[in-house]
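Mind having a look at this structure? Questions to follow.
Think of it as A, B, C and D in the order they're written, each chain with its own count starting at 1.
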Amino acid sequence: ADVKPAIIYDLGGKFDKSFNEAAFNGAEKFKTETGIEYREFEIANDAQREQALRRFAGDGNNPIVMAGFSWAAALEKVSVEYPDIKFAIIDMVVDKPNVKSVVFKEQEGSYLVGVLAGMASKSKTVSFVGGMDIPLIHKFACGYVGGAKSTGADVKVLEAYTGTTPDAWNDPVKGGEIAKSQFDQGSDVVYHAAGGTGVGVLQAAADAGKLGIGVDSNQNGMQPGKVLTSMLKRVDVAVYESFMSAKDDKFAFGISNLGLKEDGVGYAVDDNNKALITPEMQAAVDKAKADIIAGTVQVHDYMSDEACPY
Amino acid sequence: MSDLAIELRGIDKSFGLVHANKDINLKVRKGTIHGIIGENGAGKSTLMSILYGFYQADRGEIVVDGKTVTIKDPNAAIASGIGMVHQHFMLVENFTVLENIMLGAEDSQVLNTSISKARVELKRLEKEYALEVNPDALIEELPVGLQQRVEILKALYRKADILILDEPTGVLTPPEADHLFRILGQLKDQGKTIILITHKLREIMAITDEVSVMRRGEMVATRNTKETSVEELAELMVGRRVLLRVEKGEANPGAIKLSVKNLTVRDSRGVTMVDNVSFDLRSGEIVGIAGVAGNGQSELLEAISGIRRAISGSVVLNGSDVDVTGYADPGELRALGLGHVPEDRHHVGLVLKFEESENAILGYHRDKRYLNGPFLNVDAIRADAEEKIEKYDIRPPNARLKTANFSGGNQQKIVLAREMERGPDVLIIGQPTRGVDVGAIEFIHRRIIEMRDRGMAVLLVSVELDEIRALSDRILVMFAGRVVGERSTDATEGELGLLMAGVEGPKEAAE
Amino acid sequence: MDFFHTIIALLESTIRVSVPLIFAALAGLFTERAGVFDIGLEGKMLGAAFAAGAVAAVTGSVFAGLLAAILISVLLSLVHGYASITQRGSQIVSGVAINFVVAGSTVILGEAWFRQGGRTPALSGDARFQTWNLPFADAVKDVPIFGPIYSNLLSGHFLLTYLAFALVPISWWILYRTRFGLRLRAVGENPGAVDTAGISVIWLRYRAVICCGILCGFAGAYLSLAMSAGFVKGMTAGKGYIALAALIFAKWRPLNIMLACLIFGFLDALAIRLQGNPLPLIGQVPVQLMQALPYILTVILLAGFIGKAIPPKAGGIPYVKER
Amino acid sequence: MSNPYAKLPNWAEYGLIPLVNLVVAFLVAGLVVLLVGENPLKAAYHMVNGAFGRGEYIGFTLYYATTFIFTGLSVAVAFHAGLFNIGSEGQAYIGGIGVALACLWLDRTMPWFLVFPLAIIGSAAFGALWAFLPGWLQAKRGSHIVITTIMFNFIASSLMVYLLTRVLKPLGSMAPQTRTFEAGGQLPKLDWLLSIFGLDIGNAPFNISFLLALLAAFGVWVLIWRTRFGYEMRTMGHSPSAARYAGISETRITIIVMMISGGLAGMMALNPIMGEQFRMQLDFVQGAGFVGIAVALMGRSHPAGIIPAAILFGMLYQGGAEIAFEMPAISRDMIVIIQGLVILFAGALENMFRPAIGRAFASFGQRSAAAAQTKGA
């Protein structure tokens, strides 16, 4: 069909080394595969949300995908004004007939990397660096803790957050410093969910001879051989799918809640980290994955009660 | 070789719309002391700053020692042997004397050697000219008189052959001024040339060889000092006849209006500046406080007027106790009938960025007559200011002009008008005529006497002994924070001078 | 022993974190002492970090990167100088403007050159500063007390770290023991005095601003070539403002600056360390309180012990001779 | 800041010179645009058209301007008392609490015109509170206001993250923000104001807090130049020693001025929270406090200058967004550069063309005088 796809990023900007960037990658993939151009916009402040949506909708862009939970309110309004346009929002549910909501079970992917971390750790202490102390990040943290502790009750998980301003997502120096502090407290595997800050976390791990774990996209290549794995959150796939399905007239509205089962989250193994994952680790993580998919293991969703039982 | 040290030809300079120097010609003979006089704003400082390379003339030629030179910056002037002591000192306050003297004349990248050399040279200069000053003292801790010494030493250190002094005696006591003049004489004897700017005609008559008069940017006359008179110079300066003596009648002292008992004040560094001072001030009299600058007069005024907290002692103003050791609010003191003309009009008495009318209410801005509730009554304020402008002949007569744009004399009149027109019972005045030209001095002195005659009690602090003697009915002399003597107006200058220098004169019979 | 180990680790972290602050605050010291206020430290540091990351990535040479950092930072300083010295514009506005321009252009240029979203490629090997071990660091490692202090705390830092600390006495020496320093301090107090002494106020201030640029260059290079391995957009994350605060905190004195930066660094390290760990007596506190801790403690220190900071007298005021 | 150059006629001083500066700023920005291979004229067109081309665009421009008027006034008021309040950012952020509390409490039961006054008081009170401590510390303890306000900006952001994730966020919601306010917490738009000029506001969030901003600007003018307190604070700002002489308490002025400054910054929160988002979000201030510094200085700390300066920045924000929409090669970072260049050329380098313009005026004046003379002769 005739598609004029558009994508709008959140405040972090399309190169946030995080989900905005993943979204951008998905759109790029669509472009290279189909040769269809898409439009994009990076907002600079909150007032531009509705403005950008209306702008793109008014220009006849269809579908319009937006990345980030902060879009919900704007989309709720604008989607009603443009009933014929297909919208997709990532990381949040908006209950409107012409909206597709894509949310991820980050906790499940985080659980798996937690399992790997717990087993890779010699000190039985692993750690987590979050960008900001907000619910979404706790979703990652909680799954990770669950996974790590599943490898032994004696596994300790340290948890810290970079900051309280938007700089928290772009502060590799602080990220590195936090990681070093955690290493010093015994951690030897560190998982980050901190955007650009994570660059510093992975660097610090590599420098200190410890292991890092990437997030969102495959970051194994950032420090080859020093990144244990990456928790994949397939925002890129979600964007790509949205564009593609719209092109093929198969755009599905409603909620899609993507977990391990749907391959919406996962962990990355490639040449960079193959050697780091022992057969036992592989077996354990395969089992955990199967259990989660089968439902025998339920990974706690932080958002269900805003608490982490692990 | 020419016998002229300096020749200025057709110097012309404008600052924006102000034509400060108009086609000025000046010849200064070698080995002489050449005076330059003129009213405030006549362009004297500008002319000298051009000679010193601080400003660039728009037109004109400078000839030094027979050679036409381009003085594009002070460096060039220094190289030509010109040194200048500026009207407003060009010293770095938190530097030591030595550092200030070295600044710009260091002889190596690293200071150590420069410092020791400078120290030696300074010692020599000090000795040669009897210009003692502690080389390691901070400028901000020195009294102005000493600061000026530093300025002179700076010029001598740079081996100046031609020394320009811009109003050097404005801040000096008579002994200090005499000392300075002795040094100038000595320099002259060594063959140096000196250009001296001053408002004090007496000084001109005393030590210059020639004198040039400026008026409104023009050079109106040059005279051989021996062949002119004070009266002629004054007339040349202002363009009309001036009365140089203050006429005043007998005082009629009445009730005690201000009583100061055992007042002790320390400055911010904890040094005792006012030491157990007591005196009474009666209505209808002028009490003058004489003293070398820096002997506690400023702090005394500040404590009495509530600006500075005293350590101990008491002050009774108009029958009411003033909490001088606690928080005495200057505003409340005003309400009790105190008027205060501070020594430093630029930083204390005025806000230079304010319109004239705004300064005319400074300190009285809580007065109902200038307010409508919490709002300023701008019309009333301006009307009031215009009245004062008229009465005090403040020029230009524009209440909305920025205060910085008035000349020093007129700025002083703004303060005086504000403080006098209130009709306070007690008026304390610090340095009423510092840097003010003869025309304005005449006016200000007349006003002060007028106030006394109307029954006001006036406390006058001045470093001008002439002024103290001309105006006061009684004279207190301060030295090192203490009142070291009280004299009547008949006291000779020498006697007072000795007291001011801390040398106890023969005690007067009564006290 | 555990406690001792923790302290050593905390102090190590303190040193790392305070280095960029020391560079930047010393940078500010030079301009502000000369009477040119600089709220643009942040921007210069960011620009330098970018230049360092970009050039090191392209050339593979860390020193080329450092040089580029200094060059860019000096260039930005000259812009600030031109606006505030030559054109006598508002120094604050000029600083703010530089912060804006740099924040935007580093991303644009980075993206244009490397297509990594404003980041520069990750650096390794010679393109990045390596840590240095002091002699015998390994040998004495296991000596009790002294061992950890020497081989962990003092050894094993970057060249730039040692440089930063060396620059503290050097700056002091320059400011208080050289002709340049004497004049520089004078021009910040009373430019008139400098002018009448036959020294060019403008050229002197330009030199001060250039010194500032050089030091900000080090600060930026440290961020992208030592602490991290490459540039990330906005990676200064407010350090320029903290450095400014340290400068004021230190009352514009070099040795105090080192102390102030170490205090800030220590508080930061402490806050990181305490995150997630329960406090004695109080128990678990919200993360945000821990994160705010350095700032709260700074305010308390400031209110309790520091007293009034009096800036250079002529600071912030353009030198105008003729009105 | 003194004006070191000869006086020009008012229209040149306040009209021509800023205009020339702006034009130059845009010329340089144009070079940057050229550098990325785009047409600067097109960009300029989109900038101006995007800011003023339609009612909706004007609405957006003025929406941003509202924010900057508040923060600009905040910075300016402190400036007049000689205080550099670099903490408007944090004060505005905390001011949001006041707005949010008023709205969360009353939005379901009361109409906006009853909630609004309360929200105004709330925002001003919280903003003032956040500025009180730095003011108090400066007045009583001599802590430098620049450091304390920087620190308070950071503390504010920590506090707000805590409040928005732990206290004010509805349970189960992902976004760190309050719930959305109902009708009582939503300010009416100023559509009628634009419709007077025959313009349609469209979806622009231009709301009634703009009028409050204008009122605040007028209030600030009255405060500074027409009240006793303003007189006292200006005295202190120009000369602390003269203030002491005049019996003006530095402590009192410092604290009150900081609170007024903080209150003005706090009121900024009304615009995005009650006027646009109808909820309080993380980091809703988005740097407006820092832009306020530039606005205040470019507006010479006078309300009559701050309003146009704020509109200029509103134009940069809105016009900038339009450029980014229309010209994909120009990203939002490019807009940041352009903003920086405008601040540089129209702010810091404002004197660059003054001498030339002054000379032009002088020679023109002479020539016309000469012409008059020859005619006379």
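Structure notes:
Keep in mind that, in the parts below, contacts are C-beta pairs under 8 Å (C-beta built on N, C-alpha and C of every residue); 3 or more make two chains touch, one makes a residue touch a chain.
None of these values were measured; they are calculated from a predicted model.
Centroid distances built from C-alpha atoms place B farthest away from chain C.
In terms of C-beta pairs in contact, the better-connected of the chain pairs C-D and B-D is C-D. Centroids of chain C and chain D (each the mean of its C-alpha atoms) stand 29 Å apart.
Centre-to-centre separation of chain B and chain C, using mean CA positions: 46 Å. In terms of their C-alpha centroids, the spacing between chain A and chain C amounts to 34 Å.
Residues of chain D in contact with at least two other chains: 2, 5, 154, 158, 161, 331, 335.
In chain B, the residues that touch at least two other chains are 16. Multi-chain contact residues of chain A (touching two or more other chains) are listed as 13, 133, 163-165. Under the touch rule stated earlier, the contacting chain pairs are A-C, A-D, B-C, B-D, C-D. Residues of chain D touching chain A in their complex: 60, 63-64, 154, 157-158, 160-161, 165, 169, 171-177, 180, 203, 205, 272, 276-279, 281-284, 286, 317, 320-321, 324-325, 328, 331-332, 335. By the touch criterion given at the top, residues 11, 13, 39-48, 50-52, 54-55, 69-70, 72-73, 91-92, 132-136, 163-166, 303-304, 306 of chain A touch chain D in their complex. Of all residues in chain B, only 15-16, 52-55, 73-75, 77-78, 84, 86, 88, 90-95, 99-100, 102-106, 108-112, 114, 154 touch chain C in the complex they form.
Of all residues in chain C, only 177-183, 185-186, 189-190, 192-200, 313, 321-323 touch chain B in the complex they form.
Residues of chain B touching chain D in their complex: 16-17, 305-307, 329-334, 340, 342, 344, 347-354, 358, 361-363, 365-366, 371, 374-376, 378.
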